[in-house]
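In this document, chain identifiers A, B, C, D, E and F correspond to the written order of the chains, with residue numbering beginning at 1 in each.
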Amino acid sequence: MSPIDPVLLFFILGLTAGLLRSELRMPAAVYDLVSMLLLLTIGLKGGVELARQPFADLALQAVAVVAMGLLLPLVAFPVLRYLGRLPRADAASIAAHYGSVSVATYAVAVAYFTRQQVPYEAHMPFLLALLEIPAIVVGVLLARGISRDMRIGVVAHEVFLGKSIVLLIGGLFIGWAAGSDGLAPVKPLFFDLFKGVLALFLLEMGIITASQFGSLRKCGPFLLVFGIAMPLFSSVVGMLLGYALGLSPGGVAMLAILAASASYIAVPAAMRISVPQANPTLSLAASLGVTFPFNVLVGIPLYHAMTVRFLGSG
Amino acid sequence: MTGTPRKLLTIVTEAALEGLLVKDFESLGARGYTITDARGKGSRGRRDAAWDENRNIRIEILCDAVVAEAIARHLEATYYEHYGMVLYVGEVLVRRAEKF
Amino acid sequence: MSPIDPVLLFFILGLTAGLLRSELRMPAAVYDLVSMLLLLTIGLKGGVELARQPFADLALQAVAVVAMGLLLPLVAFPVLRYLGRLPRADAASIAAHYGSVSVATYAVAVAYFTRQQVPYEAHMPFLLALLEIPAIVVGVLLARGISRDMRIGVVAHEVFLGKSIVLLIGGLFIGWAAGSDGLAPVKPLFFDLFKGVLALFLLEMGIITASQFGSLRKCGPFLLVFGIAMPLFSSVVGMLLGYALGLSPGGVAMLAILAASASYIAVPAAMRISVPQANPTLSLAASLGVTFPFNVLVGIPLYHAMTVRFLGSG
Amino acid sequence: MTGTPRKLLTIVTEAALEGLLVKDFESLGARGYTITDARGKGSRGRRDAAWDENRNIRIEILCDAVVAEAIARHLEATYYEHYGMVLYVGEVLVRRAEKF
Amino acid sequence: MTGTPRKLLTIVTEAALEGLLVKDFESLGARGYTITDARGKGSRGRRDAAWDENRNIRIEILCDAVVAEAIARHLEATYYEHYGMVLYVGEVLVRRAEKF
Amino acid sequence: MSPIDPVLLFFILGLTAGLLRSELRMPAAVYDLVSMLLLLTIGLKGGVELARQPFADLALQAVAVVAMGLLLPLVAFPVLRYLGRLPRADAASIAAHYGSVSVATYAVAVAYFTRQQVPYEAHMPFLLALLEIPAIVVGVLLARGISRDMRIGVVAHEVFLGKSIVLLIGGLFIGWAAGSDGLAPVKPLFFDLFKGVLALFLLEMGIITASQFGSLRKCGPFLLVFGIAMPLFSSVVGMLLGYALGLSPGGVAMLAILAASASYIAVPAAMRISVPQANPTLSLAASLGVTFPFNVLVGIPLYHAMTVRFLGSG
């Protein structure tokens, strides 16, 4: 087996093409298709498993991860505000990005765990969907002092009915309702092609990541350090929570990865509408330019190794 | 060509605002609008990637001077400071002017 | 097995997202791709079978369904004109929609029959292609009195060389020429992914259907009733014709479904050019807003049950 | 900028008409046209879905006043009543005016 | 609407030139631009197929008269002879004129 | 087995639709997706094999095909310039098209060889990638006398970092790095769907080819003759070179096909920027309007038969 997952090679190809200023670019419609497929697949896979879980377990896990989603931005905010000397709106917005999750990072982790044959709780996408939202609420509240015009209805609409949440929750629902056998006829598209579609997606993510490096340079070293230190911290929080919830080793590592990941789809969209003062360049440079490549190239195996060691010693 | 003069207000801005703006236009008296997808560059950098947060839209509104002024003022007050946005007005002749 | 076909869950997801005014929307290019794939697949499948049918049988069936395609709009027109008090052009246009067929409804029926393991004449797509056109001719003739400028050449071009007909007939031709073995190398794309592609298509169809509900409200109750009563009537006509042609039970039910379905691609395009006075909002509200969801959610199993009962008693 | 004045005729209408209109333009004397895909809203409701029947196009024609008038009149007579269509004319300066 | 007059330079040309033109605009003093994908017809025939070599783009630049003249001259000298290209200028009013 | 490959039937469908002026057209985004998939797949397949080849063999073959890529345009240029009486820039540009290669032609050849079960050197895509570029350099140099403004940097960027080269070389690299087993998870998308994706691509190629017939009529008979005679000549050069390199019979035929193919993606893009005086209508009418359909419909089996006969007698 090659030392590196081929889907990551596609990410590296995109990154290289972007850095070399190749004209390679995925049409917006294709990017939309590919992300639709990923979100639906992840939802479907999680939904199938959801039906098999006892309700009490689910409810406990749900409350716990929502609490984590509320906590992480509260930790990140003062660091960004006082250590990073960022304006309040920017600190709040970036904190929200890091309290939420990245579906793409989760997808790469799924590919990694499949390759390593590490089992994990298959209803993880349910927790993923839950984790997307609380940090947005905290972020908006943290920025509130300066936001004159709250437009709560608009923000709630943007958050709960944004593309990514609808597809993820819709997929969960369909998977739950149809069950594994029911999904059989749509598996060739959603399940068999999953890794290939992820490869295409990561190709474009590489190009997008490369385009963030320019703005990263202007942002100074603080965001670079934060973009690596914060996920390291969050992964420990996620790992401890997974352990406390009694998840399997794979599940503990997966929750560490979710905690460590930073949103770059749902949160930016919500922040743009609800905290317009926040400069999207800063948060995207950190989450897309630093944390995403760090997590997919280094973080996922690292958090996994850390969990194995922790559980071994624990 | 013969016709009645009207204003053609063009707005180039972030795609994320489409939903909000469309509601604003209606409440400010526009009778219609036309939108195309766009990419570009301005004071807030390049906006040309495939992903949602980096797309532009180009909106055109045919209307009378009063509505154009109202929309321009509203956009300036609400979005100019924090969003990539460019706005300009030209003169055009329309037929069936009662429509705009 | 879950009680509802998963592809219908995608339709319901789209419908829900549309009704909640989610920003979920499929890019036009993706919609085009997905409908291209569906049309080609349906054509290919039918074409393979076409080669195996005796010519005399085919010719008889062809004449019979064309006659049905000419008859149904002639029945619908007076109902729409005098009962519904619709302007002549609108009555003619809606009649044409209901005399023609819906490829998407047929695709859902294929998924349903596969799930229920009901066999049917596999050259059905040939009849589907034939059924698309006669109703358009009748519709144009019915509206003629008011149409000053016939542009027959343009209309014929629009009808016979429109995207959907070319892809359907092209697929039939390729399937016929290549045969089942010849198609083997393209099966992974066109055949294995069929249900998944149909799921994506129905997701967008749900969104489109939801957008028709608004105009439906303005149209009043007549179209709502017509949009359900007409397919019920047509399904009986289709069933009797299938029986008279000596089709298998599955084939009889399939012809009932084809008869009951209302066009929303080929006919609207042709009517827009040839009967411009007809208001497309009316015909689409009926065919997309009422008949399509009725047929896929209720009609298909209903027409099937009706056929089983009729043939059992017959 | 120096240049010769010409008319810029802009038409926003249903995508289904593209084929017909393009033939009309040529026979009415237009030397070229530019089309972009668009969505929008007007008196005939919203036109912004993915499917064919609900798409708009935005057409621009650079031409002299006579051709602009001819095209506008023809479109009014042929399509205005039954199709979603908006049409307006502006003044622009072109180089190499013999081209238009 | 009140505002400061500026030029709106519009260029319709081959998509293959996008990368080159964008560099040219910056060096000639444009502060921004907006691009949409387009198709069309002109003296060099129809340009409306799916493949790269046959796509058009439509570029808009808001700028003052000096920059508009400079860009127009440069494009004429460099591309006019060998590429499908149409260029025209209109007058518009902008707010925050210092931006352009 | 049907006498004609089904993917060619899609080409013929597109050609027919185009000639009948059907409104069938693939959205640009879908065309981009389909060509991305083809280029990546061809690259991946070749890359896997590359790792298995001894370096010395590869180096020798690389030098030999580059030499062929430099030679062919030098043969074509005087023919075009003096026999065809074409302006220097046009002769240089067309010569470059015919010295380079067509990935689509190669893809059809792969489908043909798979069908005929003819084995060939699987690292052929490596030679394909190498062959794209040298003819461009020769073409630019041949036209140079009139090109005032060379923009070498821009041209080099366009050539080496154009979409098609980046995807082909990127695919080669990923295939080489991941190996056959490593690629297993992405095979359902890139390998299983290959023929289906090729079918879609050829459908659009048929439409594009039909649109070239108009300009071909204006160009006169010389280009028509050249568009068939040149690939016949090149195929012999390619065949002899393959024989000299000691390739397998399939490999010899494949090199004949590569030599005979004419570029219509990489070279037109490069020529447009570096030799703007050349009229792209001429070169595309020849390579797309004549040589591409000739090669896929007649040439591939012809060059294969010729090779079999030559090697049999040799």
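The rule is simple: contacts are C-beta pairs under 8 Å (C-beta built on N, C-alpha and C of every residue); 3 or more make two chains touch, one makes a residue touch a chain.
Keep in mind that what you see is a predicted model, and the values were worked out from it rather than measured.
> Could you name all chains that are in contact with chain A and with chain C at the same time?
The shared contacts of chain A and chain C, listed by label, come to F.
> Just tell me the minimum hop count from chain B to chain C, counting one hop per pair of touching chains.
So the least number of steps between the two chains is 2.
> Between chain E and chain B, is it the same set of residue numbers doing the touching on each side, over half shared, or a different set?
Mostly different residues.
> Since chain D and chain E are copies of the same chain sequence, what is the angle of the rotation superposing the Cα atoms of one on the other, rounded to the nearest 5°?
120
> If you average the CA atoms of chain A and of chain F, how far apart do the two points sit, in angstrom?
Here chain A and chain F have centroids separated by 41 Å.
> At what distance in angstrom does the C-alpha mean of chain D lie from that of chain B?
The separation of the two C-alpha centroids amounts to 19 Å.
> Taking the mean of the CA coordinates per chain, how far is chain C from chain E in Å?
Each chain reduced to its C-alpha mean, chain C and chain E end up 45 Å apart.
> Could you list the positions in chain D whose residues touch two or more of the other chains?
36-37, 90-91
> Send over the residues of chain F in touch with two or more other chains.
In chain F, the residues touching two or more other chains are 23, 25-30, 33, 163, 188, 192-193.
> Kindly provide every pair of chains that touch.
The complete list of chain pairs in contact reads A-B, A-C, A-F, B-D, B-E, C-D, C-F, D-E, E-F.
> Note which residues of chain D are touching chain E in the complex, please.
Listed in rising order, the residues are 1-3, 6, 8, 22, 31-37, 62, 90-96, 99.
> Tell me, which parts of chain A touch chain B in their complex?
25-28, 30-31, 149, 154, 158, 163, 204, 207-208, 211, 215, 264-265, 268-269, 272-273, 276-277, 280-281, 284
> Which residues, counting only chain E, touch chain D once they are in their complex?
For this pair, the touching residues of chain E are 7, 9-10, 12, 36-43, 48, 56, 58, 65, 68-69, 72, 76, 80, 86-91.
> In their shared complex, at which residues does chain B touch chain A?
Within the complex, chain B touches chain A at residues 14, 16, 19-20, 37, 44-46, 49-55, 78-79, 81-83.
> Sort out for me which residues of chain A touch chain F in the complex.
The contact residues of chain A facing chain F are 1-2, 4-7, 9-10, 13, 16-17, 20-30, 33, 111, 114-115, 188, 192-193, 195-197, 199-200.
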